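Labels run A, B, C, D, E and F following the written order; every chain starts at residue 1.
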Amino acid sequence: MPDYYLSYLYVFVFFATGAVFVAALLTLSSLVQPKKPTAEKLRTYESGEEPVGPAWGRYPTHFYIFALLFVVFDVEVIFLFPWAVLFRDLGWYGLVEMGIFIFILVAGLYYAWRKDALRWY
Amino acid sequence: MVEGPFGIDPVLWAVLRLAIAIVLVIALIMNGALLLIYLERKMQAVMQDRIGPYHVGPFGLLQTFADAIKLIAKEDVRASQTDATFFIAAPALVFSPMLAAFVVVPFAPPIVGADLSIGLLYLTTLGAMGVLGIVIAGWASNNKYALMGGLRSAGQLISYEIPQILSLVTAVLVLGTLSMVEITELQPGPITNIFVLPLAFVTFFMAALAETNRTPFDLPEAESELVAGYLTEYSGMRWGTMLALTEYGNVTIVCAIMTTLWFGGWNGPGVEAFPILGILWFTLKTYAFILVFMWIRATLPRLRIDQLMSFCWKGLIPLTLLNLGVTAALLLAFPDTLVPVAIANWLLLGAFALGLPALQRRRLRRIRARLGAGAMPAPRSAS
Amino acid sequence: MTDVLAVLPEIVVAALAALILGIDATVGEERAARWLPWVAAAGLVGALASGVYYPASGLFFRGFVEVDAFTAFFRFVFIVLALFTVLVAPSYLTRQHVPRAEFYATVLFSTVGAMTVALSTDLITLFVGLELMSIPVYVLAGLQRRDEYSNEAGLKYFLLGAFSSAILVYGFAWLFGIAGSTEYSRIAEAVAQEGLGSPAVIVALSLVTVGLGFKAAVVPFHQWTPDAYDGAPTPSTAFMSVAPKAAAFAAILRLMSTGLGPLHVDWVLVFAILAAVTMTGGNVVALVQTNVKRMLAYSSIAHTGYILAGVAAIASGASAGAAVLFYLFAYGIMNLGAFASLMYFDTGGTTRGATLDELNGLWSRHAVGAVAFTVFLVNLAGIPPTVGFLAKFFLIQPVLDAGFAWLAVAIALNAALAAFYYLRVVVHMFMYDADAKAPRLLPSRLLTASLAVTAVVTIVLGVLPDAIYAFALDAAVPVLVR
Amino acid sequence: MTSAVPLGAFIAVSALLFFIGLGGVLVRRNAVVILMCVELMLNAANLAFVAFSRRFGLVDERGSVFVVFVFVVAAAEVAVGLAIILAAYRNRPTVDVDEIQRMKG
Amino acid sequence: MLQLIEPFMFGLLTVSILGAGLAVVLAPRITTSALAMAFAFLNVAGMFVLLGAETVAAFQVLIYVGAITVLILYGVMFTPQQPRAYGLFFQGQTPWGALLAALVALPVVIVAFTFVDAGVALEPGNDLRPLGTSVFRDFAFPFEVASLLLLAAMIGAIALVRREREIEEPPGAPHDPQRRGPRR
Amino acid sequence: MNLPVIDNVLTVLVVIPLVGLIPLLVVIRDARAAKQVALVTTFVELVVSLLMLAQFRVGEAGFQMVESVMWLPSLGIRYEVGIDGISVFLVVLTTLLTFISVLYSSAGVIKHRVGEFMAAFLLLEVGMVGVFLALDLFLFYVFFELMLVPMYLIIGIWGGTRRIYATMKFVLFTLAGSLLMLVAIVAVYLASGEPGQRTLSFQELVSGGVRFDPTFQVLAFLGFALAFAIKLPMVPFHTWLPDAHVEAPTAGSIVLAGILLKAGGYGLIRFALPLFPLGAQAWLPIIVVLSVIAIIYGAAVSTVQKDLKKLVAYSSVAHMGFVTLGIFVLNVQGGVGAVLQMINHGVVTGALFLFVGIQYEKTHRRLIADLGGLANRWPLYTTFFGVFVLASLGLPGLNGFVGEFLVLLGTFASDMRPIGGPVWGAIAAVGVILAAVYLLWMFQRVMYGTAREAYRDLPDLSPVEVAAALPLLVLTVVLGVFPQPFIDVIEPSLARMLDLADAALALYR
């Protein structure tokens, strides 16, 4: 069993422990805590205003643009990491390649900027 | 397979080591959180000319401990309108990745959970997972404030993830590896990465502030606007794990990354002789950063959400991209020395530090001019 | 550097898309709008010229890009289609508040994707190209976002497109598993070695066929087509009914003949049956449509069937490939023209096409438009002397040669069936008088000019097709089944 | 390295995941859920690619490369797809394919 | 004992993946589906790790869990819930759709087992460099095309969801009650 | 007298209407100018065709004035036109009938969209002339289909109340057949040689180099014959014809009956028979039976028609039955008779439709029962109409007789198995008698008896109408009285076609 698997076993166990730990804490908490639910208590807290309807749905969709841009740049990242590691081997060729790639994405960013899509409200 | 010490069976040693690591990390997180909350309160109090917690225990040291007990014993209210699946899953979703991040943190030469060859990438990945928990928490509450807070948090987190990663990649360009241990080993002397890539550090630092919801980017918790953001409906221990543990854990992780990447990690006087000494240096450096975080919280005002997003997309991302390109080109042009890169980085940092206020002033002037002309649209309510 | 020059047309088109967005973002939407079609047209002509100027040939990018006559032909086809689209669209876009720069840029992106498909030598390039071709088209379908039909078109097209991509990529995964490589040549070797005896090959082949079948709208994978074509803004429909189809067939030809060529004895029969089902299905349903746009949508399914018949005849060599290529070219122009002709009608601000009754008396209301539309319909019906007829003529030849006499007869009968509904449109345009129901006409000089010129071109090519056919013959050589 | 788990098992898991996704596309009606199912299918393909890479001993990285490109495509697809769904929702508050689909013929 | 860990992990991941997959398909509520999907993605990443492709696993989490799931959650948030479940192809005939998928799946799964390892055994992990080399050397062209793809998606999506300028009715356009205008 | 000799006269014939289209399209909105352009064009075309006739060398069997240009080099398809005894009169007939139709139409019958009508007619003329000239199968097909669209428009736009139904039916029938023929043509092309040497040139195909195997011939013949049978129309495929004729405007009916139907018969003689003699032999019994059925059926149905135009239409079915019968008795007499019958039918039925049209324009009635007593009012009309009716029923001395007689002769002479030619001849002869019955009965009901009040003041033939009818009358008489010069032209070429078929047959004996 090489170190590789051992390492990831660590990762897995940490992950699992995280979940278990949270569960344990919450269980512990639920064991000791009082339980006196009332309708008023279970109502959504909106700073004292009466909550009207569910909160879901009907939000301005342009928030979505940020998520969208993020996804695009996140995808860029998966290329950036191997590139950064290999960058000395690839040389100028790699730089130009990545330069074009990033340039194209930045063009999109510029577009979004000019189109006023980067405004939050 | 690592040979166990004292002739212990390697398998048993592996299991043992794992168990020890987990226990240590959890203890670290919990104690760290308790300590850090206390520290933060105290520090803020001092800076604001107050006393801070002093009732419970000496100097109020046990205050946070008492708080923790209170949290555990508190009634757990889940509003009837919430989405059960998400509501329950959210705490685990934010806590687990944070915990798992500690696997690759290089405390000292012998004390590393696992030296993944893609260590930095792994950390990035976990950072990305954290967003999920926050969005889900906000969504699950079915509370307009919480949802808005979740949306904002998500928007902020995902936005700042980009400059954060870009800064990391800039550092990787110089270092050429993703392994946290190797990165540390590459900076043995007093000349650490910070001297070569100061701008990348600064951008990373800013992004990290936002990623951990720290002031001036702590909008999700802007009480005056959104109650407690995505945490509004969370109470009791759910709140405890979500905020107290996870947030401080995340702060620790980010600071650890900064320490490793820019400040030589465990390297310090005497580490060659006594590797275990590395843990001291590492912890010291990391906590120094944490204190800086707190200092900033006490000093800076909170940004408005649109300013925050603009700053990321229109300022930080272009800047980090520029830095990345310049660094890459200079590294290729001068393969044998880092001096040009360092010079360029410092120059860029200087330009940034001077240019940003200048730009702000110009913008302000323009807005005033428009106001004077009466063409300013009615202020829109931030959503 | 030769690598870069070899893909110069792709670069030019991509740069053009970026340029258009740049102009739009910098100059401002309203001020740029007037010039954008011309910029796009000039750029496309430039792309065409650049392909002529650097007639590269061979393998580039370490063997992962192949530029040959096949590539050149498809570049030509795609650029011409994009050019046509860009020229007919402006008035519609302005009228319906469809974002213009985005429309042109998206069309151009899709064009680059389609061109990429044509120069791929491995599955990865193919897949990325196919997606670059498809994803902008989903956008095009939904671009008139205030219109419900457009919304639905985009949604349906997207869901089915993504679904088909997933099937396709899973098929690619199995192909990779069989061959250990994504290159066509090595897949061909592996497949030849394994033969159809290997069940894994059958699974891979089926998945790929289904995936590409969705992309090309082959019956029974066509359900998305009518709604998508019907609901999309008309200029988008015009483009998406032709370019993605041509690209899908470029993919089919490249992959099926080079990568899976060794198995062609086995898959051609399946293709022949699919072809017959597709043409019949499309035509029969088209018969009962009263909305012209929807009718044309079904008719485009039928045309897929014809083209597929050409693919099924791949065994008869270059003439089959040439027939498919020629048909794609002809179909591209005539179908694009037919859809574009619907842009004269203002159907209440929606994306819907005019109904047959609303076309009544178009001849007396807009003569040039009516004649051009008629020419395109006659083309589609395959009546000489039009390029549409020649396409069918060239097509029947390899089909017969490959021994699919029944398929040739099916084509003929289907063409007769199809003539019914095409000519019914002509009936309404020429033989009824306009009534009160007729929607407002929205003529546009650019649209009329483009349609008229193209209509004339279809007839001229119908009489003198040899240059294009020779080009197609040449282009078919690289995809001959070996 | 010889593995304790046979390659076929991985492929079988990927096939099952693929068909679960496919079944989901076929039976579900909510556009967002269909999108999720498509993503499951893509994941199945990714799994198959990586597993097949192992088949050839990772000598050839093409499998992983393909997966990387699938990531790109999936991201682009989801971005556009959700944009379309949101645009559709903006006009009519539903993402139910059944309800949006009103043009039959 | 450690030799058993691999099969054990495989089994665990398989159950998780398939269970989560089924949950995506069968869950009555979209939120559960989304969560199950994220879980499935995570477990697929685990599979990648098990297969020795750590980089791909990291990318999987980064893109699928970190980005795509967030995006889909945005979609879930911005669209109201529909408790009903029907099919795109099999309207109201869920069992038939499921049956069809199952019938096709069965032989394919059996065929899947015909694949056996054929290559040289290599150490797992450390796949970042070969992966990068392959992408940047061989697949330079698709790599650039991929950037165009992202740009196109970005532009398209922005065009679709961007806030609208106020659009006036064209002057003189008759108001048609049939007309389907914006309804907000 | 030295007539000018025109080079490439056949191409000129094809091109003239196209050239005429250009000014026509310019003035398309101006009815008067459009009429003038169309008249001039068709007249020039007529004159040129007559000059072509003068250039024709009588007695030569082969093709004359052949022009051959490579058209699609990559397929070896040629632009090849030529003319021989079989086609020469059909070309002249085409130009003549077109001119007459245009002349008559321009006299005010067509009231709306005149320019478009004339444009359609010129386009139609290109197709009709081209069909009789083309020697390459591909070219032939192009012209064959080119006739379709204008005719479709002519019926559909300027036709009667049910015009749309009629025109759709017409197009669909024709198109279905011709598309099958296209498949057959492509098959011929593929069978004509190795790739690279393939051809569709008729002359090369029949020159002996190409052998089609028997099964192929049977199928290919079917493809061709179906297309032509629908065009002719032969009996089970005739249903489009009455509708089309009834709904078509007069000019359309004239051309439809006079020329379009002939394209089918011409195709059978020219292509189907010599190319696939084995196929012809295989299908021969069926065709002969159908022909005879057509003769009897057409006549019988005509008898009970109430609509004048429909009656003439069904009589066409009967007359075209003679054409197919004549072709498939496979002897020279029958063949010559068939060709003559085509010409005669073109002249006579064209004229009949013209007169029915003239009558309808005046009375606005087409039902026989509504008419009557016209003879007293319109002496001129009655004379002309009477002559054509008599010619149509095959009165000796008029042209109708010659063709039918020759066909019957040929039929009697043929040795068809299992039932001999005389039987079929006898049955066909009954058709002739029936023709006399329905035509005379019709003439009597329409022309004699009491006239309705409404018709009292209607004028007789106008000069234009006389001018239109006169050439046809002359032809009717000339062809009836002096058929021999015509037969001299037709016979060698026809014999050659039959020889070609025989030669091809010999290869398989």
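Throughout what follows, contacts are C-beta pairs under 8 Å (C-beta built on N, C-alpha and C of every residue); 3 or more make two chains touch, one makes a residue touch a chain.
On a predicted model such as this, the values are computed, not experimentally measured, just so you know.
Participant: Which chains are in contact with both chain D and chain F?
Facilitator: A chain counts here if it touches both chain D and chain F, which gives C.
Participant: Hey, how far apart are chain D and chain E in touch steps, shortest way?
Facilitator: 1
Participant: Report which of A-E and B-E is connected by more C-beta pairs in contact.
Facilitator: Between B-E and A-E, contacts are more numerous in A-E.
Participant: Relative to the centroid of every protein C-alpha atom displayed, which chain's own C-alpha centroid is closest?
Facilitator: C
Participant: Measuring centre to centre, with centres taken as mean CA positions, what chain is farthest from chain C?
Facilitator: B
Participant: Quick one: chain B and chain D, Cα centre-to-centre, how many Å?
Facilitator: Averaging C-alpha atoms per chain gives centres 32 Å apart.
Participant: Any idea how many Å lie between the Cα centroids of chain C and chain E?
Facilitator: 28
Participant: Report the inter-chain centroid distance for chain C and chain F in whole angstrom, where each centroid is the mean of the CA atoms.
Facilitator: Chain centroid spacing, chain C to chain F, equals 42 Å.
Participant: Would you kindly tell me how far, in whole Å, the mean C-alpha position of chain F lies from that of chain B?
Facilitator: Inter-chain centre distance comes to 92 Å.
Participant: Specify, in ascending order, the residues of chain C that touch 2 or more different other chains.
Facilitator: Within chain C, residues 18, 21, 124, 128, 131, 135, 138-139, 142, 145-149, 154, 159, 177, 180 contact more than one other chain.
Participant: Which chain E residues sit where two or more other chains touch them?
Facilitator: 2-3, 6, 52, 54-55, 59, 62-63, 66-68, 70-71, 74-80, 88-89, 108, 114-115, 118-119, 123-125, 128, 131, 133, 135, 137-140, 142, 146, 148-158, 160-161, 182
Participant: Counting only residues that touch at least two other chains, what does the list for chain B look like?
Facilitator: 14, 116, 118, 121-122, 124, 128, 139, 147, 151, 154, 158, 161, 178
Participant: Touching pairs of chains, all of them, please.
Facilitator: Those chain pairs which touch are A-B, A-C, A-D, A-E, B-E, C-D, C-E, C-F, D-E.
Participant: Please name which positions on chain A make contact with chain E in the complex.
Facilitator: Interface residues on chain A, with respect to chain E: 1-2, 4-5, 8-9, 11-12, 56-65, 67-72, 74-79, 81-83, 85-86, 89-90, 93-94, 97, 100-101, 104-105, 107-108, 111-112, 115, 117.
Participant: Within the complex, which stretch of chain D touches chain C?
Facilitator: It is residues 11, 14, 18, 21-22, 25, 31, 34-35, 38, 41-42, 44-46, 48-49, 51-52, 55-56, 60, 62-63, 65-66, 69-70, 72-73, 76-77, 80-81, 83-85, 87-88, 90-92, 97, 100-103, 105 of chain D that touch chain C.
Participant: Give every residue of chain A touching chain B within the complex, in rising order.
Facilitator: Those residues of chain A that touch chain B are 1-3, 6-11, 13-15, 17-19, 21-23, 25-26, 28-30, 32-37, 39, 41-47, 51, 54-56, 59-60, 63, 66-67, 69-70, 73-74, 77, 80-81, 84-85, 87-88, 91-92, 95, 98-99, 102, 106, 109, 112-113, 118-121.
Participant: Which of the residues in chain E come into contact with chain C in the complex?
Facilitator: 88-89, 107-108, 111, 114-115, 118-119, 137-142, 145-146, 148-149, 151-153, 155-157, 159-160, 164, 167, 170, 173, 176, 178-182
Participant: Using the touch definition up top, name the residues of chain E that touch chain D in the complex.
Facilitator: 3-4, 6-7, 10, 14, 17-18, 21-22, 24-25, 30, 33-34, 37, 40-41, 44, 47-48, 50-53, 55-56, 59-60, 63-64, 67-68, 71-72, 74-76, 78-80, 82, 84-91, 94, 97-98, 100-102, 104-105, 108-109, 112-124, 127, 130-131, 133-135, 138-139, 142, 146, 149-150, 152-154, 156-158, 160-161, 182-184
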